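Here the chain labels run A, B, C and D in written order, and each chain numbers its own residues starting at 1.
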Amino acid sequence: VTPESVLLTAKLAPLRQQLVDLHGVLDRSGLVAWTSGNISTRVPGEDLMIIKASGVPYQDLNSQAMVVTDLKGEVLAGSLRPSSDTATHAYIYRHMPDVGGVVHTHSSFATAWAARGEAIPCVLTMIADEFGGDVPCGPFAPIGDESIGAGIVETLNNSRARAVLMKSHGPFVVGPTPAAALKTAVLLEEIAKTVHLARQLGVVERIDQGAIDSLHQRYQCEYGQRS
Amino acid sequence: VTPESVLLTAKLAPLRQQLVDLHGVLDRSGLVAWTSGNISTRVPGEDLMIIKASGVPYQDLNSQAMVVTDLKGEVLAGSLRPSSDTATHAYIYRHMPDVGGVVHTHSSFATAWAARGEAIPCVLTMIADEFGGDVPCGPFAPIGDESIGAGIVETLNNSRARAVLMKSHGPFVVGPTPAAALKTAVLLEEIAKTVHLARQLGVVERIDQGAIDSLHQRYQCEYGQRS
Amino acid sequence: VTPESVLLTAKLAPLRQQLVDLHGVLDRSGLVAWTSGNISTRVPGEDLMIIKASGVPYQDLNSQAMVVTDLKGEVLAGSLRPSSDTATHAYIYRHMPDVGGVVHTHSSFATAWAARGEAIPCVLTMIADEFGGDVPCGPFAPIGDESIGAGIVETLNNSRARAVLMKSHGPFVVGPTPAAALKTAVLLEEIAKTVHLARQLGVVERIDQGAIDSLHQRYQCEYGQRS
Amino acid sequence: VTPESVLLTAKLAPLRQQLVDLHGVLDRSGLVAWTSGNISTRVPGEDLMIIKASGVPYQDLNSQAMVVTDLKGEVLAGSLRPSSDTATHAYIYRHMPDVGGVVHTHSSFATAWAARGEAIPCVLTMIADEFGGDVPCGPFAPIGDESIGAGIVETLNNSRARAVLMKSHGPFVVGPTPAAALKTAVLLEEIAKTVHLARQLGVVERIDQGAIDSLHQRYQCEYGQRS
């Protein structure tokens, strides 16, 4: 046991506990069924991330089930396997330095758009506020994990939205922190549902680009409390 | 500290607590996601209103997070920012003296009608009872807050319903008290859902105007307990 | 205070408490919004019924809010108004001696069928089991309460189902007891939802009459425990 | 009381308690309404199974309501009737020696596909993962229980999926244990809902067979923790 490893363990403990708490919020939000879905966090200042263990029921999650890996997805310590989506999360952290948290779900309405490979059009002020435009679709990435990560990063780099609907798969959401990404994941399902319902009974009109820009700008600046 | 300000503080305390309680009901009703949605109350006998602070999670709401403003939306005291919809609520109180409470949500089914800019037709006795006719749509108001409030007030002035679906945005509901407005907001989502479902599989017929009038009249007089 | 009135009060007390409990089940079942919906029970051996007071929130219901009326809907004692649907319940008890309980809701999917004035076709074994055939629609009865009751009784007299979807209004369900009627109301919403979903994406086939008869017969005899 | 019967009772006790717990999970999962739905378990090493009693409310279930029968569905002991689906479960255990648990529900979205007699196409990676291809439909079996069991077994024998949608009836799901079957039943409803939603607004593409095979293979090997 080196002094560095003692310091690192002390740094990881609160991050792992926060990740347990956020998975609790995810479970109660109705976005996940059974053991599906996962959240990860970058470890600030280290080339490390923490992610949920694979296939563990939400009610059994604790700090020990939050697996620490390097940014290639290799487990650092402990005997639990990390999420089967670990390589994808790691790819995102390697290629998007501003991302501090990633959320992946199969939430029903967002995944329905993903099944069709269809972007969610920006037809509501709340979409302009939170996503700044359409929520884009990414390519189908059949099996190689590298290709899923690459599809996500390329799609996000071409969009203001911090969420992407991977074709025939489901949504991946990023944010400066895992808490911010989780908020965006919850709002993504909400707008995926509302626009689905709207489209079922008729035509919906995209908000014009100038209004989208104004709404997004204002929301970034004026919503919430000054931190 | 003047005697007047002591009296005013005593007057505001129960109103702020009531608003905390009503936000709790709103949260549990399933009409809001994350921190979206807000309720305000007019302060009877004063040119003041109270509204939720911006972006505060529902589970963290307490009296301190209920911000007192004048009827132009200027904060009277405290350090928290009021809801980003404050100017709209204030406009309604300035122009509709009978309104004592305002509720704004993005509830899924009502917002789906709003996305299409389509009024909810009066095809059910419960719509005739509670709304006295169709629930109208208001114009899209891209960013200026004055224009949102003006669109709401103008639409409500031409309708028996105490609710309006603002185009590409969502519902605003008013009432003599915030509790009454909240009840109407809950029933609005209920009828928005039921008529949506009905229309998905066929044609629905509007109730004829005479029957609507009778139902509405009777509901106003005979439903509930004499107060 | 006569000996008879003392005996009657003792007879009513457990029925009123049971009705409080059943309204709790109704509230938790998701079939009602705000104060809508009501359950009544016949008082066995008397020309009396008990029904929920009008407009009282579900969480505030207690024995005092269960109003005793005669079978014309006239209140026997107490100061609370009975449900605004009391005359309809009373009509059913007067004309259907086998009915011991009535449930009325505006549950979303059943009411969507009612809005279209469309019977729910018997396309699932669980519909054959519980309803013995299609769930029929009754006429629109604009305001006179007598006409609502008459429409319900006439429709039920021509059907094996113990439920009717009143046009532009919602479902009324009857049973030998209020608990039995409540079970049927819950299953009605379930099948209203399932057939709605099935029909959204294609054609559904009615089960042939012989199979319906066999299923219904078997369910009546073999389901549940011998009492 | 023979030594064998004492041993058997000791063997059954934990299985019955586990079945009580799993019915609790089933109830909370939203897959069943009122008393519908049932789970059974094979008794390892015996020609016996255990299944829920017929028509008992979920909140009243305890070990005594878990009825032990032989593999022809004949009750071994106790006075409660087993589920009216007992003969079907027994048929499955007799003809599929690898099956250790069976779950039957009328969950809304899966039953909607069953009502149309339509298989759920493998259009999502989570379907490939869990089911290895389309979820198949079985024939309508009007009343003879033997024919329901036979239809289930024949359909499952021709499919990688461990679930079948019985025409005009609902889903039956099998697994090596009742817990595994329950997980599959929950995921079945989830994908039945998601593909339903996707299809409502457009065309969905089946994943190509090679990718399905890879996904299924990988999920079987790499998901979850090594046991």
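Everything below uses one rule, namely that contacts are C-beta pairs under 8 Å (C-beta built on N, C-alpha and C of every residue); 3 or more make two chains touch, one makes a residue touch a chain.
No experiment lies behind these values; they were computed from the predicted model shown.
With steps allowed only between chains in touch, the distance from chain B over to chain D comes to 2.
Superposition on CA atoms relates chain B and chain C by a rotation of 90 degrees, given as a multiple of 5.
In this assembly, the C-alpha centroid of chain A lies 32 Å from the C-alpha centroid of chain D. Distance between chain centres (mean CA atoms), chain A to chain C: 46 Å.
In chain A, the positions touching at least two other chains are 200.
Chain contacts in this assembly form a single closed ring in which each chain touches exactly two others. On the side of chain B, the complex with chain A involves touching residues 33-36, 53-56, 80-81, 84, 106, 108-109, 111-113, 115-118, 140, 142-143, 168-170, 196, 199-200. Chain B contributes residues 123-126, 183, 186-187, 190, 193-195, 197-198, 200-205, 207-208, 210-211, 214-215, 218-219, 222-226 to its touches with chain C in the complex.
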